[in-house]
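As structure tokens, the structure follows; a few thoughts come after it.
For clarity, chains are labelled A, B, C and D in written order, and residue numbers in each chain start from 1.
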Amino acid sequence: MLNVAIIGATGYTGLELARLLAAHPQVKLTALTSESQAGKVYSQVFPAFQGRLDVTLEKLDPAKLASRSELVFLCLPHHQAMEAAKAFRAQGIKVIDLSADFRLKDAAVYEEWYGPHVAKEILKEAVYGLPELHRERIRSADMIANPGCYPTSCVLGLAPLIREKLIDLDTITCDSKSGASGAGRTPKTDILFSEVNESFKAYGVGKHRHTPEIEQELSELAGKKVVISFTPHLVPMDRGILSTIYAKAKAKLDGKSLHQIYLNHYAKEPFVRVRPLGSFPATHEVQLTNYCDLGVHYDERTNRVIVVSVIDNLTKGASGQAVQNMNLRMGYPESTGLESTAALP
Amino acid sequence: MLNVAIIGATGYTGLELARLLAAHPQVKLTALTSESQAGKVYSQVFPAFQGRLDVTLEKLDPAKLASRSELVFLCLPHHQAMEAAKAFRAQGIKVIDLSADFRLKDAAVYEEWYGPHVAKEILKEAVYGLPELHRERIRSADMIANPGCYPTSCVLGLAPLIREKLIDLDTITCDSKSGASGAGRTPKTDILFSEVNESFKAYGVGKHRHTPEIEQELSELAGKKVVISFTPHLVPMDRGILSTIYAKAKAKLDGKSLHQIYLNHYAKEPFVRVRPLGSFPATHEVQLTNYCDLGVHYDERTNRVIVVSVIDNLTKGASGQAVQNMNLRMGYPESTGLESTAALP
Amino acid sequence: MLNVAIIGATGYTGLELARLLAAHPQVKLTALTSESQAGKVYSQVFPAFQGRLDVTLEKLDPAKLASRSELVFLCLPHHQAMEAAKAFRAQGIKVIDLSADFRLKDAAVYEEWYGPHVAKEILKEAVYGLPELHRERIRSADMIANPGCYPTSCVLGLAPLIREKLIDLDTITCDSKSGASGAGRTPKTDILFSEVNESFKAYGVGKHRHTPEIEQELSELAGKKVVISFTPHLVPMDRGILSTIYAKAKAKLDGKSLHQIYLNHYAKEPFVRVRPLGSFPATHEVQLTNYCDLGVHYDERTNRVIVVSVIDNLTKGASGQAVQNMNLRMGYPESTGLESTAALP
Amino acid sequence: MLNVAIIGATGYTGLELARLLAAHPQVKLTALTSESQAGKVYSQVFPAFQGRLDVTLEKLDPAKLASRSELVFLCLPHHQAMEAAKAFRAQGIKVIDLSADFRLKDAAVYEEWYGPHVAKEILKEAVYGLPELHRERIRSADMIANPGCYPTSCVLGLAPLIREKLIDLDTITCDSKSGASGAGRTPKTDILFSEVNESFKAYGVGKHRHTPEIEQELSELAGKKVVISFTPHLVPMDRGILSTIYAKAKAKLDGKSLHQIYLNHYAKEPFVRVRPLGSFPATHEVQLTNYCDLGVHYDERTNRVIVVSVIDNLTKGASGQAVQNMNLRMGYPESTGLESTAALP
């Protein structure tokens, strides 16, 4: 059994990790931290865990935790995560970080979008934990930067188009829609129930921080700089991201061949499913699962490719993918603890 | 007082008309029809109208209704609407049709997307009832084709860009999201609560029937054929459409000038509001109102314009706009009966 | 025109008052206050009001406001409201208070449930503003305590039973369910979207502060002390309260007579509607209206009466009733500004 | 491996069984039936099952299925279920029926509430599958009547009170609230998204068919006839039932002792959790799990006991409990395949 700690266990990604790891056959949860709830029993704070995870929350103390953990998941706000990563890596603990702190390889880009980076040495060893792109590197990484939710959905939707050089790279638009759990669990007026419910809005238009992350991965795939339009939106539901992706085809295509390219591309992936031609995924079909489901369409009238990509933002978009990364790193079967099917309804 | 009938009063657009017209100071509702509920009192079927509209529903009989109505609103499925329009127009009754039957000026285009058209003579006299584009024609039209909900949001969002020739016409993408009331009130599995709730999906990818309607209006504005990408999505909420519109700028712009163009363009419109620069509208801000609210952004990185356009699909997107058209046609102040402010929450 | 101020205009009851009063033909809104947003334009904070209410928010300064207001609505937390009421009443301004501070006539009971009361002289002149019970007193009251949302639904549901002495007074159970807007707009974790959505819970079991308020009004109706069970619940929706009320009949009844008693009782009330026998109201049927709709049933098997009572918690349960009280006090027709019909959906 | 068939696999209880059984280590799903979708692959109808359950749906043919199934789950409407049960039992197949057809032991009572019963011989061998009450009988039953959702929540909430003779039996009120999935997947106007969403209502007031079922089980526990008030309500959410239960205490109690009685009563139950004193469960805390969570309160003011009982209506209220019954019948550990923790959010 692997001794594992969840650092920041009372936010939504921490909760999702707790749920997944409590059922993971290879993992022993040895510590859960929370600065605000330390001293309370986890199942007292979250009664859903009564009888499942009756452990006492503690404050983050890397030195103390090091003796009890071989691997830690960081579910902290950015900036805080890099401090924690530094402390854990200094003691040789494997780190999977769910914040943005180690996703952008170029510290200058990070600093432009997020502010000062104080752990640049660790940034160097960090591997971007998107298994479908970097599986081999992840297997040996001790510092894994777990991808953002929007980037996961967009990059998986676009990868085949870019690898196969099918589209004009300067025509990419990612119009993404996310459930409200993506906004986190810190109380703010704009995520109150009565503010989010029965409304739909765009936010961060032209300036969302996931833009450079998507562009980094697409640029690596393309072998040259890619710039995209990315607009996130807030959907009045708990979980799920759907990205509708548009790009101009370099040359005339046909829908069937395009579909076959996607089928081939992801044929061996355990967590990417391509829908039959003419069928497009809905977010509830991947809810609480680690799947990314894709639907593809070639529009003859406009010579554009349209890709619909869905994930659960807390599972494949965060904690599920983090478990997938842990499985790869530790040599467990990649799907361990991630075999669930979406409930309907 | 104007004698008015609602043909098809038990669907969502009929209900919204009943609500608006029951409070309209110039209108007397002389008849409400329903094939399935004829004989029942309206407020028995919809208790919200108890004490407000206790009239008996009747079957559609144009000859009988003609003596009691000067103007009728058709809230019928397409094809049925054209038959009814024919009958009412033959008797000199003014018609505002909320179906798609008279929106496409070219009968051949209609037939390609919807099937046979059997009232082509009437199609010729029909005016597309988008007041912001065709106000003067509406003032004298006896046959008004009330616009579709998606086209209203997209065309109002794009009109300034096209009129001012600011964008490449072959780069337009309209990514639209609608609440579930747009799917109507006829029972089908895919619009059951537990199918729609907590999910988000695209539908009609590359083939939704509002595409030619949007293109018709944009083409008229541009003076040449415009072809667009249009993808509608279903949001788990009752009301509201938000369209995120992308297009490549012909030349470098700046955000402030772009914003000023929108302010100028819609300065005199009673129902189009442009948000301050940097602010984007949410659907709940126009809920139950006849407003179309717009936010505009120029993205330097990609040289694209992004417009966010919101309406209430049942009000400005259907029945409210129909009342606005009636007001114009009858010479009432344009906002009569449409003065409400959105409730929050 | 009546000069009116809303004290605390950025919470949900303040917003609902702003919406209703902006359309009220007898009212001029001369001031809106907010401690946190003072200096900003109201429509900048709430874009729904763009073009409707573009006034600047100011800090509460009773001396300054007195010269501009004949009547003020207090939309403040309890304790704060009594301080403001004192200041306004000292200057002869009429006050309608939407907090709990002047609802309980017995200061000792208030202090048991809410803490110290520092405006006991004003408490003496306060009239409980439930028009269906205290209409005549309201017509001449300068200090009106606007009822709580739960009490409005429960007391209107029970009044005929108690007045007609039909039930055993020690068998009353009020099981009430409210939308989330009742919890207010101050950010707290437990009212975040993802905490409320897709869940249902009871709260304040056995100790909710509306209990003594309901009991006060029922006791006055009964002419003796009434003690009830009252359990509130949180429904994942914005607006609406439904109370299911149970009580044992003193003697055998029959459903038809019981129904007739309710019809007679409320025959002249503009805002109470009794449903046909066998029909029970849903909250959406009174949404955004000032109605209280009632359904009644006599259960032979158990010899119990069951009443279902629905209101919109922000309208009849708060701001709409406050406007109704203002109308009564100022001698306007009671329904002025409150004529809307619920939208469906 | 046990060969199992799901009869009626495209409704919500069938889907939930498919989800649970696809992950059950002892079960092989050998057949899924659907009259309307026969011939299609399950994962084509429900893409969530792509890669998980790619089997072809077939029409119900008991003779044909008998050779492939040792145990069948009936997810059929009542009346249809009894016909199928007859056919399967005639061939010696074990049956777990999720309809109401075999829950009421007295055929006369069944016929009063549901209509003619045509399988009375089988009714005699049927065991009511509520493990917490009838575990031993279930272990050897070949015909198990899986309890209704509301009865499960009410009976588990009341059992300790009745067994310990703590309450007046003629004072019981069960006020229950259910998510919309309980209404099934057959298209009807009143369960469309825009009819259910943002509303709350009571239904079946005084006449819901689960009343006699609850009374049967309570009467058996009490050793004499119990009559209750039961009112179900519809909550705008997918899953979950919360029952608020009121009863008068026979004698003065105290909260702590009452709580201890519940703790003792359910100490060994794997799927009933009693909350700490003063804490009450919310439905999301048991979502997608087989738990029934209980909170109890003694109200001194009224001498009443209040119990809050929550379950997931499709899991413990239907398919999860059916799997629990199968586990008991087959001798598997009772929690096999039912170990999940609720996701938050």
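Convention: contacts are C-beta pairs under 8 Å (C-beta built on N, C-alpha and C of every residue); 3 or more make two chains touch, one makes a residue touch a chain.
Values in this document were obtained by computation on a predicted structure and should not be read as measured data.
A centroid comparison over C-alpha atoms places D as the chain most distant from chain B. Interface comparison, A-B against A-D: more C-beta pairs in contact at A-B. Work out the mean CA point of chain A and of chain B, and you get 38 Å between them. Between chain B and chain D, the centres computed from C-alpha atoms are 45 Å apart.
For the pair chain A and chain D, the distance between C-alpha centroids works out to 36 Å. Multi-chain contact residues, meaning those touching two or more other chains, occur in chain D at positions 12, 179, 181, 194-195, 197-198, 236-239, 281, 284-285, 345. The part of chain C that touches chain B in the complex is made up of residues 12, 15-16, 19, 22-23, 44, 46-53, 181, 198, 238-239, 273, 275-276, 279, 281, 284-286, 288-289, 293, 339-345. On chain C, the positions that touch chain A within their shared complex are 12, 179-181, 183, 185, 187-189, 191-198, 236-238.
Of all residues in chain C, only 170-171, 173, 175, 177, 179, 194-195, 197-203, 205-206, 227-229, 231, 233, 235-240, 242, 244, 246, 280-285, 287, 295, 297, 299, 301-302, 304, 306, 308, 345 touch chain D in the complex they form.
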